[in-house]
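The same chain A turns up in both complexes below, where it pairs with chain B and then with chain C.
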Partner chain A sequence: MAQITLEDVSFRYPGATEDTLYGLDLQIENGEAHALLGASGAGKTTMLNLLSGLLSPTSGRLLFDGNDVSDLPGRERNVAQVFQFPVLYDSLTVAENLAFPLRTRGVATDMIDGQVAYICSELSLGKIRDTKPPSLSLFEKQLLAVGKALVRPDVSLVLLDEPLTAVEPKIKWKLRQTLLKVQKDLGVTMIYVTHDQTEALTFAERVSVLSAGGILQTGTPTEIYQSPANEFIGHFVGSPGMNFLPCSAVPSTTGDRIGFRPEWAALVDEGHVDGTVTRVRVYSTQDSKAHGLVTLMTPHGEVFVRGNAEFETGMKASVRIDRCVTFQGGNRVAEIAHV
Partner chain B sequence: MVLIVAFSAVIPLMTVVNYSVQDILDFNTRFFVGFDWYRETLNDPRFIDAFWRQIGFSLTVIAIEIPLGIMVAKGIPKASRYTPLILILLALPLLIPWNVVATIWQMFARPDIGLLGVSINALGIDYNYTASPIQAWLTIVAMDVWHWTSLVALLSFAGLSAIPGPFYQAAELDGAGKWQVFRLIELPRLRGVLVIAVLLRLMDSFMIYTEPFVLTGGGPGNATTFLSQYLTTMAVGQFDLGPAAAFSVIYFLFILLFCWLFYTSVISRDET
Partner chain C sequence: MLALANLRLNAGCSEGFSHTFLSGQITVVLGANNAGKTDMCRFITGLSTPARGEILLDGEDVSSMSPQQRSVSLVYQAFVNYPNLTVLENIESPLRAHSAPAAARLTQASDIAAKLQLTELLHRLPHELSGGQQQRVAIARALAKDARVLLLDEPLVNLDFKLREALENELRELLTASNTIVIYTSSDPRDAFTLGDQLLLLDNGRKLQSGSPVDVYRNPNCLRSMELLADPFVNRFLGDGSECAIRPEHVRVDDKDHSQASITFEMQVTAFETSGDESFIHGQVADHDWIARCQGMKEITVGSKLALHVREQDIVRF
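Right, the complex of A and B next:
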């Protein structure tokens, strides 16, 4: 386990004309569960490869517990990684797979046995410890891959590269819960790379949003959600993302646009913006009233409002904004908790 | 479809089976002899000699070509701009007609004018493949290895290229050594192509005819007379159609048997 520090790290692929990653400054605390959230092409994989030692930064420094590891290969950085699909040794049993990273490092046999038994119980792999991967389910295989990454007690950093992509949706939740549990139990520093905001926001203590090769914002899931650093994050995080309106829509003095989450608004008779209901999605009923997401077409474009869904398409309604964030030139200026 | 199969395979085969149970003096005078020819062939010391020679040859070339092919494949850079060039160069021996291969080696290995023959003699080793049975053997094996290792190498290269990068990355992070990477990642994933490579080389080497025929003519003595050459001598040279047909059926059944044995042993290992 280690504290991970990126100091002004940039990376450019040989022969490329532009940096794939630039000016990355990030500190991840020892034992922290950190998520890297970004759309495809944002530079997530490159950043992962920089951390795992497959690539070295073009400039800047990468520190593990204060030691410069920028130019060390993966095996010397003491990093483990879980990939998008289970990467295992098919000819070895579950227990042998778990023991492998310890054996190559010459760990004593009784120590290996102890660690393997510990991981088996932590991840409930005991029943299949003598099975070989080809006869395991996808869930068990990926669980084993996680176990293999966690088996070294001294591992500096565990990287998870969209580990739930290949797993079926029903199992995803289960695997994520297991991951969360072992992360807490073992207190390892984890970096979870994903394009899925739900995974990022529910897994991590802190999230870094990556876009076009730069980190746009690092913060707790609540910070990212409640006060996005810019309009891109506001739009990218949340489903649907933030609604944006010109500042003139509400009596606000700063910025040129305001953004508000669908649940920060309500549909009333006299609100800030009028529109026509174009779509109603009911998710539940509360006090025998339909609850869900209503889409309105307003003069400023589509607006999503979460809450009372007792509407039909074509009806007129008005949006009352209770809370918002103001932006100037795309960047956050202020938060207004009570409009 | 059934008709095509019948015309292409079954009917000619039936002709051979038909011949194999008859004594044919000329095309109008023939007698049914039952399994006499089979019995005679299986007891023919020249057949038995050629058979063991054949087994020895097939096992030798497979034992050399498979590991060598894998080593060559591992030496090919995966994503260099020279990769296509290397692959084309490797494929060249496979494109040369078999009798030309043999002619090339006949020249190449001649002790008086061939580059190989002269070089070996210059090293002080008395080399003349037309006189020494061992040297004739070594020359034929060397020729086959030159001719066919490329096939194994190309198949293995295709197999290696299909291994996803994360497997190598994981092995690096696990601290695996080169041998462990080969044994735990590459070899298991090469299994499929290697089974095909062994099958192809087993069948092909068991049927080898042109190369030893042109290079050594089966000599010196019968030292390099393999099954197919003995069969040809019988059928075309001596026109013993009955025994030759029986020989052909036995020959065919052996190839079938070996391939089946190899294949089922591989499959049964997969299931355990």
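Right, the complex of A and C next:
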């Protein structure tokens, strides 16, 4: 496994007039679970291709454990990749699929058997080791694809490209948990690429938010969520994202806007901003009362508040903000934990 | 309204079911993979499917009509547009099929394009658009057909997260404005609450339950119904000899309100996740896998033992 360092890495496709990626500085520790979060078009795929060796940086350096690999071809970097849709050999059994990357590298048979047995037990593939992929569920197939990536003992980095896309929403967590477990057990450096903020925050120890070819912020999930570096991240992370209001709405805040998460506010009789309820969505109950997301139209635009949803459209309510982040010119100034 | 009667979604169904979809409402059809959602869509559209039954649209039996004759449009998960036609021509295509005059076509197509924020893209070809934009074109084309029934078969599955969120909001406003019968299939319980006026639960080709999403949530008629609406699953335990279930959002890590009758469980924590607004604690309670969904960010150590509180009023018994 390796520590991954990007030093001022930029990339421009031949013939293009602008950089697809620019000025990337990032250090991912050996054994870290890291997520790259961004919308489509942010540069995630290009960054993956730089790491896997399909592309080389136009400028800057890429280091694995301090060694410059910028121009090293992919197969000499020992990078394994898991794709959105599992790539498997349908005519081989689960165990044979796992053995394949080792056989092609001429690994000794007893070594292969040992590694295959180890991965089967780590990923609980034992029961299906003699089954062929066409009879597996999508979940099992993707688990096998992960196994194939991890089976080589010399792998320095595992890249996961939206690995949960094809898996049913209700069992995504299970695959994510299995991934995290092997990540910890094997001490693998993993980079998980996704547009889904829930997946990024739940999976990673640290998250880098990518937008328009640049890294906007790298931090722990808590830092990214509670203390976004700028308004874009505040909006992009969270579902729905942060609400923004002029600073004048909340006494003694400085900057030009404040941002607050839907659950950092409550609907009361007299709060900071008055509005009219335009939409109520109930997602569950708490104490047998409707709980969910209430949308209000205020003089400053739409505001989302999460919590008590015993409201109806057309009702007047006031938003009390309990916690917020202040921004100046789009960038974070301060976190205010208690308004 | 659209009435289905004696519907058998696959050959394995011993008895059929009936369901009525109302005009001007969005019905979310929720089920796991292979529950029969796509077969139901194909049956309503008139495409080939193993499903058998009767179908009445506004009182008229349309069973023997071809897909072209039915006033039904279907949007698939994979965005299907005419690759050689511009966005505008794509949206106009159903109007052209009904030989509407050119000027009227243009006005109508432009209106729909504006609603779906496609105005800037009218003269582009589908392959020049992002996935989300292509799916919006497919939806715009379906709306242009102005059919009585609009079927959306997991239309947002392949889309970027934020785009999905924006489209969910737009769709709801757009669809409820008309008097169309809208049927939206999904395997994600969130969609039921976000989009549905009505909910129909399908499981293994059978109808489990229907009603408003909140009513079904509050009063599940069986464990499977409760499970389908749970995110990601329900916690189970045996209490007084009956099968009991509790939703993840009703499991409390700390319960300061001692006036409520409650039961305490001990969980061996195996994993912990946070998505920002919520935290998920996974673990074992007795021999069952449990999950607790708590609001906000929590600090929980994996491997620790945790006391969980469950209030009597939140327990569902079967």
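Operating definition for what follows: the second predicted complex is superposed on the first by the 336 of 339 C-alpha atoms of A that agree within 3 Å, B and C clash if a C-alpha of one lies under 4 Å from a C-alpha of the other, contacts with A are read in each partner's own complex, and residues count from 1 in each chain.
To be clear about the criterion, contacts are C-beta pairs under 8 Å (C-beta built on N, C-alpha and C of every residue); 3 or more make two chains touch, one makes a residue touch a chain.
Only a predicted model underlies this, so the values are computations on that prediction, with no experimental measurement involved.
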item	value
Fit or clash between chain C and chain B when superposed on chain A	fit
Which superposed partner A:Ser239 touches (first chain B, second chain C, both, neither)	second
Which superposed partner A:Arg306 touches (first chain B, second chain C, both, neither)	second
Contacts of A:Arg105 with chain B and chain C, given as first, second, both or neither	first
Partner chain(s) touched by A:Thr202 [first = chain B, second = chain C, both, neither]	second
Touched partner set for A:Leu54, first chain B, second chain C, both or neither	first
Touched partner set for A:Asp90, first chain B, second chain C, both or neither	first
Partner chain(s) touched by A:Val79 [first = chain B, second = chain C, both, neither]	first
Per-residue touch tally on chain A - higher for chain B or for chain C	C
Nearest-approach distance, in Å, of chain C Cα atoms to those of chain B in the combined model	17
Where chain A meets both chain C and chain B, residue numbers	none
Chain A residues touching chain C - in the complex, by the definition given at the top	39-41, 165, 168-174, 176-177, 180-181, 195-198, 201-203, 221-222, 225-226, 236-241, 261-263, 281-288, 290-292, 306
In the complex, chain C residues that touch chain A	32-33, 130-132, 158, 160-163, 165, 187-190, 193-194, 213-214, 217-218, 231-233, 247, 249-250, 270-271, 273-277, 280, 282, 291, 295-297, 313-314
Touch list for chain B against partner chain A, complex	164, 166-167, 169-170, 172-177, 180, 184-185, 188
Contacting residues of chain A [partner chain B, same complex]	52-54, 73-75, 79-81, 83-85, 87, 89-92, 100-101, 104-105, 148
